[in-house]
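For reference, chains read A, B, C, D, E and F in written order, and residue numbers begin at 1 within each chain.
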Amino acid sequence: MKPTVVRNVNRAAADVVKTLGDLGVATVHEAQARTGLMRPYMRPIYPMAKASGNAITISCHPGDNIMIHAAIEFCRQGDILVVTTTSESTDGMFGELLAESARAHGVVGLVIDAGVRDVRDLTEMQFPVWSKAVSAQGTVKASPGSVNVPVVCAGNIVRPGDVIVADADGVVVVKRENAAEVARLAGERFAKEQKTRERLKAGELGVDFYGLRAKLAELGVRYVDDLE
Amino acid sequence: MKPTVVRNVNRAAADVVKTLGDLGVATVHEAQARTGLMRPYMRPIYPMAKASGNAITISCHPGDNIMIHAAIEFCRQGDILVVTTTSESTDGMFGELLAESARAHGVVGLVIDAGVRDVRDLTEMQFPVWSKAVSAQGTVKASPGSVNVPVVCAGNIVRPGDVIVADADGVVVVKRENAAEVARLAGERFAKEQKTRERLKAGELGVDFYGLRAKLAELGVRYVDDLE
Amino acid sequence: MKPTVVRNVNRAAADVVKTLGDLGVATVHEAQARTGLMRPYMRPIYPMAKASGNAITISCHPGDNIMIHAAIEFCRQGDILVVTTTSESTDGMFGELLAESARAHGVVGLVIDAGVRDVRDLTEMQFPVWSKAVSAQGTVKASPGSVNVPVVCAGNIVRPGDVIVADADGVVVVKRENAAEVARLAGERFAKEQKTRERLKAGELGVDFYGLRAKLAELGVRYVDDLE
Amino acid sequence: MKPTVVRNVNRAAADVVKTLGDLGVATVHEAQARTGLMRPYMRPIYPMAKASGNAITISCHPGDNIMIHAAIEFCRQGDILVVTTTSESTDGMFGELLAESARAHGVVGLVIDAGVRDVRDLTEMQFPVWSKAVSAQGTVKASPGSVNVPVVCAGNIVRPGDVIVADADGVVVVKRENAAEVARLAGERFAKEQKTRERLKAGELGVDFYGLRAKLAELGVRYVDDLE
Amino acid sequence: MKPTVVRNVNRAAADVVKTLGDLGVATVHEAQARTGLMRPYMRPIYPMAKASGNAITISCHPGDNIMIHAAIEFCRQGDILVVTTTSESTDGMFGELLAESARAHGVVGLVIDAGVRDVRDLTEMQFPVWSKAVSAQGTVKASPGSVNVPVVCAGNIVRPGDVIVADADGVVVVKRENAAEVARLAGERFAKEQKTRERLKAGELGVDFYGLRAKLAELGVRYVDDLE
Amino acid sequence: MKPTVVRNVNRAAADVVKTLGDLGVATVHEAQARTGLMRPYMRPIYPMAKASGNAITISCHPGDNIMIHAAIEFCRQGDILVVTTTSESTDGMFGELLAESARAHGVVGLVIDAGVRDVRDLTEMQFPVWSKAVSAQGTVKASPGSVNVPVVCAGNIVRPGDVIVADADGVVVVKRENAAEVARLAGERFAKEQKTRERLKAGELGVDFYGLRAKLAELGVRYVDDLE
């Protein structure tokens, strides 16, 4: 495919995006049958980073961030940049200046399968980033790439407008067309977990609560007082 | 060996466990002749995590946490869960609900040679975890495993009832039968280090304090003012 | 080369070292044409660690810290220890006692291509360290090495007296003889970035500010409203 | 998406698949503008492994190969199995028995983002495999997955019927609809390289042949007889 | 535990060891309920390496091979050396001279959770080695360790006299007391696989042969002709 | 430093280079006091690769091989290319065409701290390469770099004209000015090892031959018939 910038992006409804973000990565991931989770090497740059938004997807040449600049003008309030490279790189393709620029256009976070820099500034700005590496290594602006085409980021397909949910547990992608349904299911799951929590907190055992004793017996797990 | 849950665990005395925890991983590791340290990929989920307790050992199928549930009912105040898998996995086998359940049965921490999730909640609960990975990837409850049998976790043998000491430096295992003696030796070491600290802080050189000048000469290390 | 300790080190001027530290790793790295950056696996032990100083270089046998002790007496106010090993190791070659000793002789930080321990104490002392690993594994004092000879640390040559700048973005080495010039260039870059920041913050697009639209066209990047 | 097995696959023409395989990974990758290359951790199990075919895509639960069995009946002569897991695993999900079964249904190779076993037998059978790991760890047949849906394998999207080209250099994916065009371009590239080879072999310099001297000058590369 | 060399080792019967070796790692691992497999980073130094024998266990200081020398005099025909280090190392602790020495005392192979060197010579000698790394980095003979005590190697407990089976698929440990029973079970498994092989080779589908169609239906896997 | 190509290189004498190559990496590394060994992640592309030569050093932008082309015209019979990148990359910067070109100018091998491609062709040509990765990912010719300046490759300083010795054990760098002396010492070591080999082969124990029994006693290693 030729290098292409796509201007228009269909986004999920803002309240759905917000709900998904509030529920968090683990709950959302469960609610969509454990699909869409990025590889666990994607880590937040500060401990309590949290974000949700619609994906603006960006495919870059490694060590080249020209396409990130090209993407900003098509961003809207509540978007998250999702950046991949065509071969593996840890270079710091994004820093504080780009964060200021992105924020000015409504961007609420970055997910990048490469490196990031200026992490002290980004932390002070509370601009959340999930990345593979932290590196001061700068980049050039010399090679073509694409914006708002489907990309693979940290092992998952991300299409422009898909919902990104990211927190201390990692990053999960929700297909735009499924977002409302996943939000509903995740909400139900969350409500149910509230009740589970209370009972487990009160000391009820998981083996009883989840009815696992029969399963354990069926699996041939034997109980003994002591070994030998 | 058939999948087995062992109900009874001999534990070390609570005051010994506490003393070992207060002295910390580095000192305890030294005091037992530098044995029992888990591999350094085991990292705490929050910076100042600290725990000591008696090991409840759990061997799981990768991506399956049924045996963690099975283990909870044999836990007592002051225990630490030590979880391994039969092949490598980064799946998030433990989260906030399990932490509530474990805490309700006296568990003070988790050491897991796999992944953990809900790390924001676990941090807010101040439930300390040392793990190989953070991942929202959930698990099934379908395959047998064992509880309270000897396991290998992050390169070390852990037997039920052994003392686990964990802090920002990692995780060390103290054999239950050696715990009192190791606590005594570690205490002596700590006291001695206090004195060393004062002298080094006052500017006395390590080469003098430890008597290393003769050693350096014997090793053939030459001193010159400048190269060439 | 025979194991050698070199007593004298030419250092950069203190104000230059301070300026470089204030400007930070990313800016300094850019100012010297993106050279001298250590590999991104070198990470600070606490989030906002920051230091700059003149390198005291130390080449050790893996798992042996005798040469770190040997180096302390040649340190002065504002130095940073740069420690490498002759083969790869993650052992904890440096801890709180050595930090007290080093600080008593003016050392303001440590960069070590191996492991470090006592990280809770080091954090409380606010003694900044950049390392490859955290490990409680202690070391012996049995094998010769060198002090203040050129070393390779995390992929870069460091010579005694070179300026080390380290922060949340990693570690960069500035050749001593270039330090003043790099500080000047980095300062100019910083000033320029201030203006860029304001304009980007105000919403001006990077593609306009940096004049990238022509470049994108030249690279054959096409713009479409929608795919297909 | 619910676990689904898709029976029908549109495949590329056999002669196109053969041509792509003959031209090899590096040439094909170049011919399609350097897209579609799997991550370099995908390695062949024996040195001169070489294969091309149409992808039968399989998404499995980690440590569970039931869906590989489910896929075999939809294979035809010249297909290649492309197996991924929903979270990372190195378990040996495929061995000699499955290879016999697959071969009996026309399968000419396997690309698996997990582990493989029986590599001695597979080598003797000359059944080529590209994998992330070699591991004897067996798998269960207990969790649902999908066959012939789009998957992400080693960083790239693979859709059923896409052409897989694999050799000592790794694995590249060619979109089915582009296969004929890519084969043509790759053939042209190959022919051109023949001529280049002769001239370079005869000693003509790349800087002359590719006309790089002006570029080097433009980039500010200076030539000196000696340093200083 | 104090550094100790244990002279006597109870070994499994030679014919049992041979049978296990002939059956190979994957079959033996299955026959003992998928236990005892070392981590997949343990790789043979040449492609078709194959060995089985009784373990002589050796625990070394990293970068120090004195205890390997100490172990040789207690070796007998058919033993395999199993070497671990007390902290992680890739140093080449074993080379061709040690292989000649070991072979002269009956040793038929080496399993080492560290590095090995002289791999060209070892290959020419057909002395099989499974290791974590290949490295020319030599070692000292300066620190105490133990011989013939239980060790952890690549994630598994190995006790002196346990049976080691190693081939292209990796390394598996069989407890000495279980060796005869495991050999019997593995033999049965092998015989059964012969029949399976014939039927699969003849084109019978795994879904039929293993009766998986009902399971797939129960798991909710749906079959469709085409997506959408 | 500005991007620079240095034309002249002082080389070691051809017979010294040959002798070092014949003696091999492990022996040469020992003979120069275990210095100069590249990290063990540098692996040959085919099992019995072996080479020695004078280093032509090349510093490239990651993913850009223009400087390799620039280097060829300054090569002579017996040179080895040593390629590094300014930030980490696994891209395939060198393939069969470049190998033909290099060989036409006398180059006998390549050491590259990045990726290589066309490994089947390179193997058939018997053009030996040691690299960090194999990858078909091609490169551009767009960014400046340097030729024949000191570089860091896989953890070691390499200066133009230094002797590179590489074989199945890895890669070692010998300083040009030390080459003759190291060759002499390595030759002596080799001769001595011949005698050692005969005695060890005849069954003499290393503990006797190297006189280690006293050392073991001094280290406190106790000998027991059985544990307990």
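Operating definition for what follows: a residue touches a chain if its C-beta (ideal position, glycine included) is under 8 Å from a C-beta of that chain, and two chains touch if they have at least 3 such contacts.
Bear in mind that the values here come from a model prediction, so they are computed numbers and not experimental data.
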item: Number of hops, chain B to chain F, where each hop joins two touching chains; value: 2
item: Superposition of chain C upon chain D: rotation angle, C-alpha, nearest 5 degrees; value: 180
item: Numbering shared by both copies at the chain F-chain E contact, with half separating same from different; value: different
item: Rounded Å distance between chain D and chain E, as computed from the means of their C-alpha atoms; value: 30
item: Cα-centroid distance, chain C relative to chain F, in whole angstrom; value: 28
item: Distance from the mean Cα position of chain E to that of chain A, given in whole angstrom; value: 40
item: Multi-partner residues of chain B (at least 2 other chains); value: 34, 37, 40, 86-88, 90, 135, 137, 142-143
item: Which chain pairs touch, all of them; value: A-B, A-C, A-D, A-F, B-C, B-D, B-E, C-E, C-F, D-E, D-F, E-F
item: Chain F partner contacts - residues on chain D that touch it in the complex; value: 24-26, 29-30, 34, 37, 40, 43, 47-48, 50, 167-170, 172, 193, 196-197, 200-207, 210, 212, 215-216, 219-227
item: Chain E partner contacts - residues on chain D that touch it in the complex; value: 2-8, 46, 66-70, 72-73, 90, 92, 95-98, 100-101, 103-105, 115, 117-120, 123, 133-138, 141-146, 148-149
item: Residues of chain E defined as touching chain B within the complex; value: 1, 33-35, 37, 39-40, 86-88, 150, 152, 155-157
item: Interface residues, chain D side, partner chain B - complex; value: 61-63, 86-91, 135, 137, 140, 142-143
